[in-house]
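Note that subunit A is present in both complexes that follow, paired respectively with subunit B and with subunit C.
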Partner chain A sequence: MKSAQVPESDAFPTRRYDLVKEFTIALAVTVLLSAGLAGLFSSPNVPPTTLASWSTAAPNDFTATAVAELAGTSTSAQYGPPYNHVPGAGQKIGPLGLQRAAGVRIPVDPAEDFVLRPLRQAPEQPEVTAALAQWNAASADQQQSWSSAYADALNKAPDGDPAKAAPGDYGPVPVLTARLLTLARAGSLDGQLLSPGRFYQTAYTKPMLFLADGLYLSDRATEQHLTGAQWGMMNETGNYPGQAWLWLSTFWYQIDPFKSSKNADAEIWAIMAVLSLALILVPFIPGIRSVPRWTRVHRLVWRDYYRTRR
Partner chain B sequence: MTAAPTTGAFAAPVDLNHPGHYLHWGVVQISVANLVVMCLMVTLFVAALLLPFPRGRRDDE
Partner chain C sequence: MTSSWTGAVRRYALRRLPSEKLIPETQPVYMASWIYVFGVLTVSALVVVLVSGGVLALMGPGWWHVSGVGRYVNSVHLWSVQLFMAVMVIHLWGKFFMAAWRGRRVLTWMTGAVAFLVSLATAFTGYLVQQNFDSQWISGQAKDALNATGIGAWFNVFDFGQMLMWHVLLLPLAIGLLSVWHILLVRVRGIVPPIGATAPGDGR
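Let's turn to the complex of A and B:
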């Protein structure tokens, strides 16, 4: 029997070992290193991107995004679960629609939540109130026609500047988006899009979705090497080190077929789940569990012991 | 957009809030800061393997 070949534990040489002392030393060294490095290097200090900063720095992008929200053509409007019901939307692993299975858990109606409700909530000038009434009285087709026509006009205008858009039948859309821009630049839209009804306003889902629908946030992320195609998951702003341990998760996004897959997030999640499970089960996987015995690294660590044994 | 510089008594001696430096090698793109940290970790690992255990007292029984 194999157990008969293993000596009793008291047959091995022993030495004193003070676990409390080692823990105390490790804690002290870690605290000193953390405090020392924080004092030396400080921390990343990039100003946050807010609706106010976006609308001030890139007002035309803000307006084009607000129009896309009204037209229902923005990324948020087309996203599907967990935000809204969109036929065919949502990532899948093979035939398994994970996103759809989870359902709509955080309902978001971009036109209503990002544009119309904030305008209704603020005390408005008569022309804005009239524009809201005109929008609400119109059919869905008419609303779509106005917003699509204005989106096209902004696309063709120099720099997407609303002031240079060609005249056309845009209904109340220019008035609504111009007022929304004013609210955003004043900073009030940031607060209005936070989830109401809570003491602590920490649910940034809606402002984040609105921001992500525009080009400004994406451009800032690209500038800081934070996008998925730039191994962004690993990176931090500035010259600070980031989350280097996420290299494998972000690696898959850089290669085909994932880099061009519409289901990349779900597929990579599945791959990482399988690999993580394999890591947990290493002691049970024949071959892989024997790697330490083949590499004999333990003989390097305990070389004194093995030298005396020879 | 660049970071607002930290000023006054709280300014760090080494300010890393500048545009990052990145290395490209095929599909691999890595920041110099991450590379430095990785090299430090590998160095520590190798040192942990190779440095002898401290020998303050021999307590072998």
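Let's turn to the complex of A and C:
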């Protein structure tokens, strides 16, 4: 399909064609359709989850998550760049580790940012002050030992209820997490996790990471068919079309080897980058650029032309 | 009269795109299919998207959560985006099967393909700035993909302010410029002739 073989369009006979009229009719149709569909179906608006609503609806999940933050075992604590330095963390595309190369540019220390700082900044009760002092005076190993033991005890307790946890050496952890739960349920933690010391702010990185570490958010997502296994990337809440155009990106997550790969995100987005580039460069790709000639779809589009040419 | 840069630009523009090519009243006879309608439908849906989004921008991102009229305008924005994406994809497939890049029209294809990809990014950031559960969940999932490729270190999907700026300024500006460029290229080169067509009078 060399350009030299394609005649100029103005070499062909013409017929009257009113572009402005066509656009006006098209605009009227899209306005009417958009307005009509909006009137009929509205748009989804499921309220966001707040730290207050999470801690009220699922206090045991909240507590377990706070303990995991102190123990350094939560998803956020183990995440790596761009949030924190974690040896070995970060996805790779083959040998290429772009996640690590980008570095830690949005620093997040989950134990400090999600639990300890909010407790220090809240009006302190004597037992919380003492618990914080005990935590700060302990070695990292001791802190890890207390929080891991408490996490295990909560795991074994009926419904993960802290009140039903077996007695043990948990140090100050139960006091700290119980106080954090109280702050969260009162609504004050939502504000405290935003960037401290600034009045105007727009970044919700810390509260979102904390929320995402718990199970409550993903449970709500599952109810709304939004999780990865439910092709959630192309869904939205309720019975709305969602981002159907992301079907191909979602597709890769459903199949092996990506379904079970720890580098799935990096690998899939590398594939999508290549495919996107291929879309842009279709006219230059041998084989792909010849598909229109091999198929008969163009005979349908230009059937009048081909019929009269015969 | 001495030559000026302004005059040179005007002469170049008029030579490449005289008014009869920019807003023609005729088209080649082979332009006779419903598939041609989807290009203009894409432009018209984009107009509805931009106008409804403009009203939402006028009133601010929180308005549609507290106002019935705002909710309706948000719904118009949502459904016009759905229409825009649907007709654009049909337009794209149509142009693929017409091999519409032939005859020095490669740049027309490429600007259209980039506009499609930028539209995906614009719709994605739109979902992020809704300030509801969808925004929370989509940002929570998307961060992993963006972080895995290193992009997340600079493009923080949890930063509502950054995402709002991308959604209402940078990406619409890119789509607008790409769309104008794309349409001007269509007008400059004209409608691609059918595959295998020869010019009338050409004995090939």
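One rule holds for everything that comes next: the second predicted complex is superposed on the first by the 287 of 310 C-alpha atoms of A that agree within 3 Å, B and C clash if a C-alpha of one lies under 4 Å from a C-alpha of the other, contacts with A are read in each partner's own complex, and residues count from 1 in each chain.
One rule holds for everything that comes next: contacts are C-beta pairs under 8 Å (C-beta built on N, C-alpha and C of every residue); 3 or more make two chains touch, one makes a residue touch a chain.
Keep in mind the model is a prediction, meaning the values are calculated, not measured.
When the shared chain is aligned, subunit C comes close enough to touch A:A11, but subunit B does not.
Look at A:L19: by the touch rule set out above, it reaches subunit C but stays clear of subunit B.
Of the two partner chains placed around the shared chain by superposition, subunit B is the only one that A:Q254 touches, whereas subunit C remains out of contact. When the two complexes are overlaid on their common chain A, residue A:S276 makes contact with subunit C while staying clear of subunit B.
Touch criterion met: A:Q224 reaches subunit B and subunit C at once.
Using the contact criterion defined above for the overlaid structures, shared-chain residue A:S42 touches subunit B and also reaches subunit C. The wider contact with subunit A, measured as residues touched, comes from C rather than the other of subunit B and subunit C. In the superposed pair of complexes, A:P241 makes contact with subunit B and with subunit C alike. Of the two partner chains placed by the overlay, only subunit C lies in contact with A:A102; subunit B stays clear of it. When the two complexes are laid over each other on chain A, subunit A has residues 13-16, 39, 41-42, 44-47, 220, 224, 236-237, 240-241, 244, 297, 300-301, 304 in contact with both subunit B and subunit C. Only residues 23-33, 35, 37, 40-41, 43-45, 47-48, 52, 64-65, 71-72, 74-80, 82-83, 85, 89, 94, 96-99, 101-104, 106, 109-110, 113-114, 116-117, 120, 123-124, 127, 130-137, 139-141, 144-145, 147-154, 156, 158-162, 164, 189-200, 202 of subunit C touch subunit A when the two sit together in their complex. Subunit B makes touch with subunit A in their complex at residues 1, 3-4, 6, 10-22, 27-34, 36-38, 49-50, 52-53, 57-61. Across the interface of their complex, subunit B is touched by residues 13-16, 39-42, 44-47, 57, 220, 223-225, 230-231, 234-242, 244, 254-255, 297, 300-301, 304 of subunit A. The part of subunit A that touches subunit C in the complex is made up of residues 1, 3, 6-20, 22-23, 26-27, 29-31, 33-35, 37-39, 41-49, 79, 81-82, 90-91, 93, 98-99, 101-103, 105-106, 202-205, 208-209, 211-212, 217, 220-221, 224, 226, 228, 232-233, 236-237, 240-241, 243-246, 263, 265-266, 268-270, 273, 276, 279-284, 289, 291-293, 295, 297-298, 300-306, 309.
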